[in-house]
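Before I ask anything, here is the structure I am working with.
Think of it as A, B, C and D in the order they're written, each chain with its own count starting at 1.
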Amino acid sequence: MSSKRLLQAKIGSLTLRSPAIIASGVWPMEPERWPSGVVDNVGAICTKGLTLSPKEGNRGIRIWETNCGLLNSIGLQNPGLEAFLKNEFDQLKDCGCPIIFNLAFHREEELYHLLDILTSFGFTGTVEINVSCPNVSGGGMTWALNLASLEKVLKRARALWRGDMWVKLSPNVPKICDGAIVAESCGADAVVVANTWLGLAIDVKRKKPVFERIFAGLSGPAILPLSLRLVWEAASAVKIPVIGCGGVADAEGALAMLMAGASAFQVGTALFSDFEVVKKICDGIENYMAENQINDLEEIVGIAQKA
Amino acid sequence: MSSKRLLQAKIGSLTLRSPAIIASGVWPMEPERWPSGVVDNVGAICTKGLTLSPKEGNRGIRIWETNCGLLNSIGLQNPGLEAFLKNEFDQLKDCGCPIIFNLAFHREEELYHLLDILTSFGFTGTVEINVSCPNVSGGGMTWALNLASLEKVLKRARALWRGDMWVKLSPNVPKICDGAIVAESCGADAVVVANTWLGLAIDVKRKKPVFERIFAGLSGPAILPLSLRLVWEAASAVKIPVIGCGGVADAEGALAMLMAGASAFQVGTALFSDFEVVKKICDGIENYMAENQINDLEEIVGIAQKA
Amino acid sequence: MTMNGTRDLGAIVLEKFQFSDELFMIRVLPEEDSSIPLPGQFYLLKSWEGFDPLLSRPFAPIAVHENGSLDFLVKVVGRGTKIINSSIEGAKVKLRGPCGKPFPAPSGQRLLLLGGSVGIAPMLFAYKRYKDIVPAKLVIGVPGGEWENFCKSELMSDTNLEVFSDDGSIGRSGTPLTFLTEEGVGTDDEVWACGPIGMLKALGGSLIHKVREDQVYVSLEARMACGIGGCLGCVIPTTLGNRRVCADGPVFRMSEVSWDEL
Amino acid sequence: MTMNGTRDLGAIVLEKFQFSDELFMIRVLPEEDSSIPLPGQFYLLKSWEGFDPLLSRPFAPIAVHENGSLDFLVKVVGRGTKIINSSIEGAKVKLRGPCGKPFPAPSGQRLLLLGGSVGIAPMLFAYKRYKDIVPAKLVIGVPGGEWENFCKSELMSDTNLEVFSDDGSIGRSGTPLTFLTEEGVGTDDEVWACGPIGMLKALGGSLIHKVREDQVYVSLEARMACGIGGCLGCVIPTTLGNRRVCADGPVFRMSEVSWDEL
């Protein structure tokens, strides 16, 4: 069995070469900017959050460092799905791993429209429906907060979309299980648990909030223990794969995600600190599997829940 | 105006010599163990969580380090309020600042009984009602999750307790404002926002959760941006003082808490890294006030909300 | 696939020289082969393990040596630069770079290089690199006495240099813009500048109608996370919409930048 | 008010000596006056800025020198010790200590000191401190070849010493307990031990009915946060209920510890 096989992760109809997925919004969409070799071990890459119309994103300060974390308020800056398909997707699509379309929307019709555009374009792969962006007014994570409207929009989206459908949930909800169960019942192929945590930073010199929109989303190693808890809860509540997201930065954190019940995991902020992080994580998981005589990644998934 | 006056914080009937309060459960209750000078700048000290009957606390691993954070599952180990009053309070009470009794309970009658014991003992100071401990089954933070029972227990406690009553809320709730508003309406003198965040750690070597109770409470600098957000929200919702708690580790974080709306703040985990942290924070705030010609701490409180 | 050769590199501190409490030069030697940077490009640097601070800090080299070692001039302003300042010889650091687009190759006209405060770094690098190819003049502005040792150091020797300081304690009194007013600038001069945002904004006014618009370039600063154009954390408003300082810049045509919105 | 003189201290690395990839000695000099530790006491040490890792790591000194400098013998096992291992001479570190209760003053009987792996540290310190006062014998157990340089080092010279190794590659084959079985122990001997939990558990069996129960002490390890008895993170079960390793220990009477629950 080749070592490549060892790391394979299955999510819906996809078989990823590794469980390490690059999270939405952190990685350039121009492959020529990727340091060589860095995506060799990557299982899939999520696009930045794409919307129907182009968005300029938020003004003012957009990123702010916290202890072991990063607050961001990018605000979904993107050229719009159509321009992305026209100008950016072409160079991206042969990068060696699946590209996952992260779709963000304000009104529900926008999502249906986005799916139509993808269908017309001939894309039959995976979409990651982003109901969890904390950095825009209306839409964004408010979708994850209202279970009834979440159900409505996901049902309709499911009917429209033939490819795999992931739902990226918000951690800023009373119970992560509720959203996960709704997503499953609507036919989602996986839930991504989760997005950034709502936080605040104050610029004490200027005596005011750092960000124009006041709250921003916290990511990075600081939040790993919190994401792990959500993954554990979500994985106990649904049978579809859970994709862990939030704070993975080394093999130990990645293994913890898998053992808590995630079938794969995303890596975002950690790439800011180290381009080699995905390679190091994959090597670490492989070594762990070898040392523990584990031949299939699936054996690890959720193992801590069974203990 | 003496520099001491500068730092005074008013919470209910208390005037604290500084806004820096030592959080519950992190500091030895034996003053002879305190490195000299360390509490000179401390505004008040919260006792460890005290219960009606002695508690052994949790078995197995109790603390686990995360990136910039600490998960703990101590489980309220304490000798019980009566033994504490008999054996420990005496040496503590003349330490130079108010001692705040952190009271934890499982059934509501326990809280009333605890308050009776304190009354009989002749204590007329401040209690911090802990409705937010994540590390015990039943009681603990489940109190903060059910607003109706929270209201019932706080109303009754208010009727029983003549001294100041703080309510320490849980961050693991849908909306922090709800609990804060309940506490205010029941006559609390302050709300403490908040306690530790529910997290999970996996021991990948043993392939199981680190803690016997699986989830544990996350504290430390990692959570500061999250606590700040809650403080901002709570301070917008109630008029009683908000005491910020969670991740304060330097003057900048303390100032951020104050500017976000906290009238004072607690320091816990940061003491593990540095005994001098409270002194450094107080010096930092004083310097900031001097540089910005601010003569009264109250001028800073909530200033970022007004911006 | 890689256009610019940006990589993460281990490096070792060869030398650290303290000009004052808040200003130092640090020379680091990458442990692996790496691309040679051009003036205007920069590196993200950190000297700590772990994720606190989380982000590496951007610095533009002032020199590259034959053995591949890089010199940075660093001003201590906050947490990250304070920790870097505590590095000692032999310590390990991490570099990400070279990042960003460099200044364009000089056209052959006189090169007027204006550097304010640590904005001097890329200007000095440009000066040393291009002085034998085109006529070049380096004009720097420093805040005051704290910078004296730096101005007198070997780094600045052998340089067609003008120094201005805010309080006149070093060189002439004023800023690099004073030079423009006092000595004028030729229509065909190429002008490159790096420094505090106020200086760059004022530069626009000083140069207007004096030099050809498309020959004025500035190198800008922004908070950065990824350094390669991924996070969109470092964008600035330009006439073409938001542009990433780390990837589309840090060097921009003066005329492209929407100064009013900055 | 302070009973034990525990303090946070800045210190500087005077020397670092690598015995093998995973074992080193580090000598640090506190920058301020501080209490002199007794054998059994320990320090929390960190060599990094910031909060990642968050907690300092506990180590028992193997020696204290006249100038106040402290020697620690450290085995690299995880993240913290790895970072400490990357410290170089001249680097700054932080110490919290001395923490904990030391071994009681020797009674005058023969002192039998048993150290396994890094548990050797406090035993060596105790040996050097008390060998001129009472008859003392140091018995150490090491895992194997990785420890050879340490065993042959100056630290171990001039010592009434027996070395055991698991594989017999250094000294005799076996553990410190082998010594007890082979050479016996006197009823009045005082026995102090520090090492892996398995060794300490087995020690109980080896000594039973051979020495007076109240003369056997062990020094225990636990995960620690505060180091001064505040957080209750380091408790172990004893016959008297939970006890804090950092404050009530790390030295406990063998008979006090509830070994079965550990």
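One rule holds in what follows: a residue touches a chain if its C-beta (ideal position, glycine included) is under 8 Å from a C-beta of that chain, and two chains touch if they have at least 3 such contacts.
Per UniProt, the chains are A, B = Dihydroorotate dehydrogenase.
Bear in mind that the values here come from a model prediction, so they are computed numbers and not experimental data.
Provide the labels of all chains in contact with chain B and in contact with chain D.
A, C
Stepping chain to touching chain, what's the minimum from chain A to chain D?
1
Could you quickly compare A-C and B-C and let me know which has more C-beta contacts?
Answer by contact count: A-C.
Measuring centre to centre with C-alpha atoms, which chain is farthest from chain A?
So the farthest one, by centre of C-alpha atoms, is D.
Give, as an integer number of Å, the spacing between the C-alpha centres of chain B and chain A.
Inter-chain centre distance comes to 34 Å.
Round to the nearest whole Å and give the separation of the Cα centres of chain B and chain C.
Centre-to-centre distance between chain B and chain C: 46 Å.
Could you state the distance in Å from the CA-based centre of chain C to that of chain D?
Computed from C-alpha means, the inter-chain centre distance equals 51 Å.
Spell out, as numbers or ranges, the residues of chain B touching 2 or more other chains.
Touching at least two other chains: 66-69, 220-222, 249.
Could you pull out the residues of chain C that touch at least 2 other chains?
50-53
Indicate which of the five shapes (line, ring, star, complete, other) describes how the chains touch one another.
complete
Which stretch or stretches of chain A touch chain C in the complex?
Contact set of chain A toward chain C: 25-28, 30-36, 48, 56-57, 59, 61-70, 72, 74, 77, 220-222, 249, 269, 271-276.
Touching residues of chain C toward chain B in the complex: what are they?
Touching chain B: residues 50-52 of chain C.
With touch defined as at the start, can you tell me which chain A residues reach chain B in the complex?
Against chain B, the touching part of chain A is residues 66-69, 71, 173-174, 197-202, 204, 206-209, 214-215, 218, 220-226, 228-229, 232, 247, 249, 252, 255-256, 259-260, 288, 300, 303-304, 307.
Spell out the residues on chain A that touch chain D in their complex, using ranges where they run on.
That would be residues 67-68, 221 of chain A.
Could you list, by residue number, the parts of chain D that touch chain C in their complex?
48-53, 83, 86, 88, 90-92
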